[in-house]
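Residue numbering begins at 1 within each chain, and the chains themselves are lettered A, B, C, D, E and F in the order written.
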Amino acid sequence: MPRIDGRRPDELRPIRIERDYLDFAEGSCLISTGKTKILCSASVEDGVPEFLNGSGRGWVTAEYAMLPKSTKSRSPRDSNRGGRAREIQRLIGRSLRAVIDFKALGERTIILDCDVIQADGGTRTASITGAMIALHDAVSWMRKAELISSYPIRDLVAATSVGIVNGECLLDLCYAEDSAADVDFNVVMAGTGEFIELQGTAEERPFNRECLDRMLALAGQGIEQLCQIQRETLEL
Amino acid sequence: MPRIDGRRPDELRPIRIERDYLDFAEGSCLISTGKTKILCSASVEDGVPEFLNGSGRGWVTAEYAMLPKSTKSRSPRDSNRGGRAREIQRLIGRSLRAVIDFKALGERTIILDCDVIQADGGTRTASITGAMIALHDAVSWMRKAELISSYPIRDLVAATSVGIVNGECLLDLCYAEDSAADVDFNVVMAGTGEFIELQGTAEERPFNRECLDRMLALAGQGIEQLCQIQRETLEL
Amino acid sequence: MPRIDGRRPDELRPIRIERDYLDFAEGSCLISTGKTKILCSASVEDGVPEFLNGSGRGWVTAEYAMLPKSTKSRSPRDSNRGGRAREIQRLIGRSLRAVIDFKALGERTIILDCDVIQADGGTRTASITGAMIALHDAVSWMRKAELISSYPIRDLVAATSVGIVNGECLLDLCYAEDSAADVDFNVVMAGTGEFIELQGTAEERPFNRECLDRMLALAGQGIEQLCQIQRETLEL
Amino acid sequence: MPRIDGRRPDELRPIRIERDYLDFAEGSCLISTGKTKILCSASVEDGVPEFLNGSGRGWVTAEYAMLPKSTKSRSPRDSNRGGRAREIQRLIGRSLRAVIDFKALGERTIILDCDVIQADGGTRTASITGAMIALHDAVSWMRKAELISSYPIRDLVAATSVGIVNGECLLDLCYAEDSAADVDFNVVMAGTGEFIELQGTAEERPFNRECLDRMLALAGQGIEQLCQIQRETLEL
Amino acid sequence: MPRIDGRRPDELRPIRIERDYLDFAEGSCLISTGKTKILCSASVEDGVPEFLNGSGRGWVTAEYAMLPKSTKSRSPRDSNRGGRAREIQRLIGRSLRAVIDFKALGERTIILDCDVIQADGGTRTASITGAMIALHDAVSWMRKAELISSYPIRDLVAATSVGIVNGECLLDLCYAEDSAADVDFNVVMAGTGEFIELQGTAEERPFNRECLDRMLALAGQGIEQLCQIQRETLEL
Amino acid sequence: MPRIDGRRPDELRPIRIERDYLDFAEGSCLISTGKTKILCSASVEDGVPEFLNGSGRGWVTAEYAMLPKSTKSRSPRDSNRGGRAREIQRLIGRSLRAVIDFKALGERTIILDCDVIQADGGTRTASITGAMIALHDAVSWMRKAELISSYPIRDLVAATSVGIVNGECLLDLCYAEDSAADVDFNVVMAGTGEFIELQGTAEERPFNRECLDRMLALAGQGIEQLCQIQRETLEL
């Protein structure tokens, strides 16, 4: 059965990354995956959260929000900062912290803002993939500004979703597919292909081990391609 | 004395309007004036605020917010919805309501979301000029959808700022000029050249009548050009 | 056509200022204009907002709120601190800051509380006129207490409203007139007759230049009288 | 030892009640006891809280707040609605509900707003004594408006404080006395001299039964005088 | 007439105190009185509220909340922290502060958390009786940890309720009795039998002096028994 | 290397489930796993969230909160309801919804409150295991009350954590182990051994596939034991 937008089961949506989208940010990009569009920016600030004060170590944190009209049915602004948004921004922050050398950052905090301009599924995984670009550029800016002397990022991070829809295992679900999925999986990997975060949910009924294995394999292929696009964008 | 970005005193910054920027909105545009960039969208919803229930009349309202990294120094999200933002969104709503025939809308509300992607001065006036485009397109969408039978907009609305900087009267202040201004004026006009809203503030010391007259003349010229750009964008 | 309360078009409502209304405030008055009654107080506090720390300069800020039963239909307390109240208190603060020598204040903040005891139109302009009295007396108290050595107020500030009601230009609108106005203008002037703030709004349809000129002239006359009453109250 | 303001131990501060202080309220007064000044108003609204829906019975509730500069040291507005204010407004509402015939009110709510203009001790008890006046007048207004056919108030309610200061039992404590009190008692009584509410607190150390008896006797005398003043004010 | 649960008018419900209920608290107990069950814990923290900074004196404060399903009809979590809860926690803190020697505590704060696991009337008085146990054990912990050198508690504190139900004076009301009571009294006493706090409320109609005297006598008997149980629990 | 509390790598902490812990709840238990103690209750309410109105289908949702002194260092109450708590309660609700037949429930909502009395790691997984008991008993209560005619639960749900600590794969981490873990995995399974939810996080550095496989096997063994304990508790 062909997918709703004509893709093969193992095909990502078209990715576009406009690097340096903002003039005033230390790092930023506008990432699009199909109709999903997210503005990712990185801000470098002095100081760290209280629990790191005096440790000589830095911090990376994220915020995620959807613009009210990013979806067909407008969501009030207050509702955009509730439980779901907080869960997602915790995931984004955790994912990127997994490849950071905090010692090398010094007592500075990098805030990654992921603002969803348009949402058609996969906003949390696209946020991670885009925030990686903004984070890299903010760190480059810090080196140029001679705030740091070594490069504090150990590897790339990228993410995508996989799911079971009508019994078929699909890569990079759009909103319509996501709504119909029996199982929904978000996978975050490092450039090495190792796992950083796995979140799988049975929406309708439990799933078995064989199903899990197929989804992980598919996610791995997709993330490999995303890391390749990140490398091209960053000219690494 | 030349302006900071080389413009003549009576020169607007370059305007760019990307109409239909969003796929899911009833009307939308991304408007840029120089480095200031605002995403304007219009949402059509059934129902009206309580005070209009049963009146047969519609309503138009606006919301305004800045993304955290729209300025060089990041602003926390909560601070972006405080007194200043509310004051601005009230101005935007009031300005556009001045040209609406509420009877023709029926008991529907159009919400105009103005989200500042990047701020370099003049965000409130650019929001008004851009929201006009989104509003027009939402109304056209309503007609195509046969929700309304007549066109409920009586005229165009556009806005700009003028100010006195170092004794000189300047059109369309960028942020650096705005910060240095002795007097700061926001002017909203209809396509006919009549006033819809005037807000003038002496930042440092009071100003006299002659000064007021010069500013109003300059604003009038600028808004005439903006309405011309609106007409071209909308192919009116 | 006679006005609703029998006044001439260019006639202010009766003004009454009870100076030193509060025993514990550094400066205070109860100002009445017709049935509108506002309690204005000034509090002198050490310290300034963060952006002025270490500058040696002081600050003046205002808060505005309506008591729940200041109007015929009671408003819940929470609703009294929303967008409209914040917009008004920003206007009050800005207006009085225009005549202050912040250097002479030292790193102190004067908070002007304007609490509406009864509202019959014109609360924001009466707040400004009354807050001027409280501010003056707080500053006199500071001199007596030898906190400051020079007088940091450069001029008086007073305000009134004007509007177009049924095609006629009227001074100092009461609530019933304000509700029926086509155009509504708030004007803040210094004792010299120069402008500090102008806020004009077309409630129903745009207005033209001639109309603007008539309103400004009428406002100028009214404010001249208000400043005269302030001078008598303060025995200047 | 003479009291701080020269009163005898069993002497109330001078009471002044300005009835009908507000033009738009169904009932209101400004009550002063010494320097303590409270604006009490009553609002009649249709409907009752959910737990009374359909019961045919009415409700009386109260709100209490202090203006920021009601005390020497200004309190931020937000802090004026915290735990202490809520505790006080619950006491005011409960006290007046004890004399109301809710059946006779019908499904209507009377809201008693007690706003402290100036605070010099005893604000909660003065609020009760003043709210009684506003409540009476609101009920009279309802009868004139033919909303009710019988008089739904069974008795007067008044309140005062007593306390032990330096071992001496004092009536109607002002702020300075209240701050120095070992025991602090608020007593609410009906016009019959029976108790409606008793709240006694040992501030420093526990107190014994004899001490309690002396305080209750003193409170009884004071409240008898307050009810007499209420009767004169209301011409009962 | 027998009581709803078969008790005599002057009989307390069965009390059970599980001391050291929590492994990580400086002091804690689970107190049950009939079906009412409250978890009381004491936390010792460095520092004091601002008004005590530098005074060398400590502070004791309390927080009270009900778990959502502590009652038959579930209460939303937000509603559990409103006016009633704040009033109760202020009472708990005040009651225990009456027997503390703050000088001996040093600049430390003890926070008493009273969380209602199950509510069947008398939660505020059981909280006080249980918090006394937690407070005692926290103070013992401080002595063992050599944070303090003398014992800063001067006496025990316990509390119970009394009320008039169907004309009869009853001790320790359960929820069903409390709902039917004409008068409701909460009494807090020290181990010496002296009063710390008295709160009496006429729910339906005013009550007289004779009635008050009977209630106080009954409360005194009950609290004597509670203090005896505290002594046994604490092996004093 | 022996574990901190002497357990084998594949050994659960001692589990204790006190069924029917609350008298007023439709279903409840106090579950302990080692020192972690959670009170789980189920409330049956009429009605469903708006998106299900009129669907004839029911809903199951959860709330999770920690008592302030559930951990060694007391957490303020407000902080207990932030992003982490919301993420956890979303997980609990989702997990139990996976085995519910919503049609059979009718338009009713079951709210599962999970309140952490004491926290020593694994609170989210213990909440799921305990909420299953409360949910089962609430559903039995509904059948006895003849609100439903068929049994709407398709299977058991239980959960545990696994992790990599010092290179070793451990089952059911206590807090000290969790803090030292390189990888942290929460696994939710149905009684059939199929997956309901998988959440794995690399705390320090990415992990590979072989590591994932070992953790999933260990989690499977643990959950099998937990389901056995659930069956015994529920006498299934």
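By our rule, contacts are C-beta pairs under 8 Å (C-beta built on N, C-alpha and C of every residue); 3 or more make two chains touch, one makes a residue touch a chain.
Quick caveat: nothing in here was measured; it's all calculated off a predicted structure.
J.: Show me the overlap between the contact partners of chain A and those of chain F.
T.: In this structure, no chain contacts chain F and also chain A.
J.: Just to be sure I understand: going only through chains that touch, what's the smallest number of steps from chain C to chain F?
T.: Counted as steps through touching chains, the separation is 3.
J.: Distance between chain D and chain E based on Cα centroids, please, to the nearest Å.
T.: Once rounded, the distance between the two centres reads 28 Å.
J.: State, to the nearest whole Å, the distance from the C-alpha centre of chain B to the C-alpha centre of chain F.
T.: Centres of chain B and chain F (C-alpha means) sit 51 Å apart.
J.: I'd like to verify one number: the distance from the centre of chain C to the centre of chain D, where each centre is the average of its C-alpha atoms, in whole angstrom.
T.: Measuring from centre to centre gives 33 Å for this pair.
J.: Which positions in chain C are in touch with at least two other chains?
T.: Expected reply: no residues.
J.: Touch graph across the chains, line, ring, star, complete or other?
T.: Chain contacts: single closed ring, each chain with exactly two partners.
J.: For chain F, which residues count as touching chain A in their complex?
T.: Per the stated touch rule, the residues are 82-84, 86-87, 89-90, 94, 98-99, 155, 189-190, 192, 194-209, 212, 216.
J.: Across the complex, what residues on chain A touch chain B?
T.: 22-25, 28, 35, 39, 41, 43, 45, 63, 65, 67-72, 74, 77, 81, 111, 113, 115, 117-118, 120
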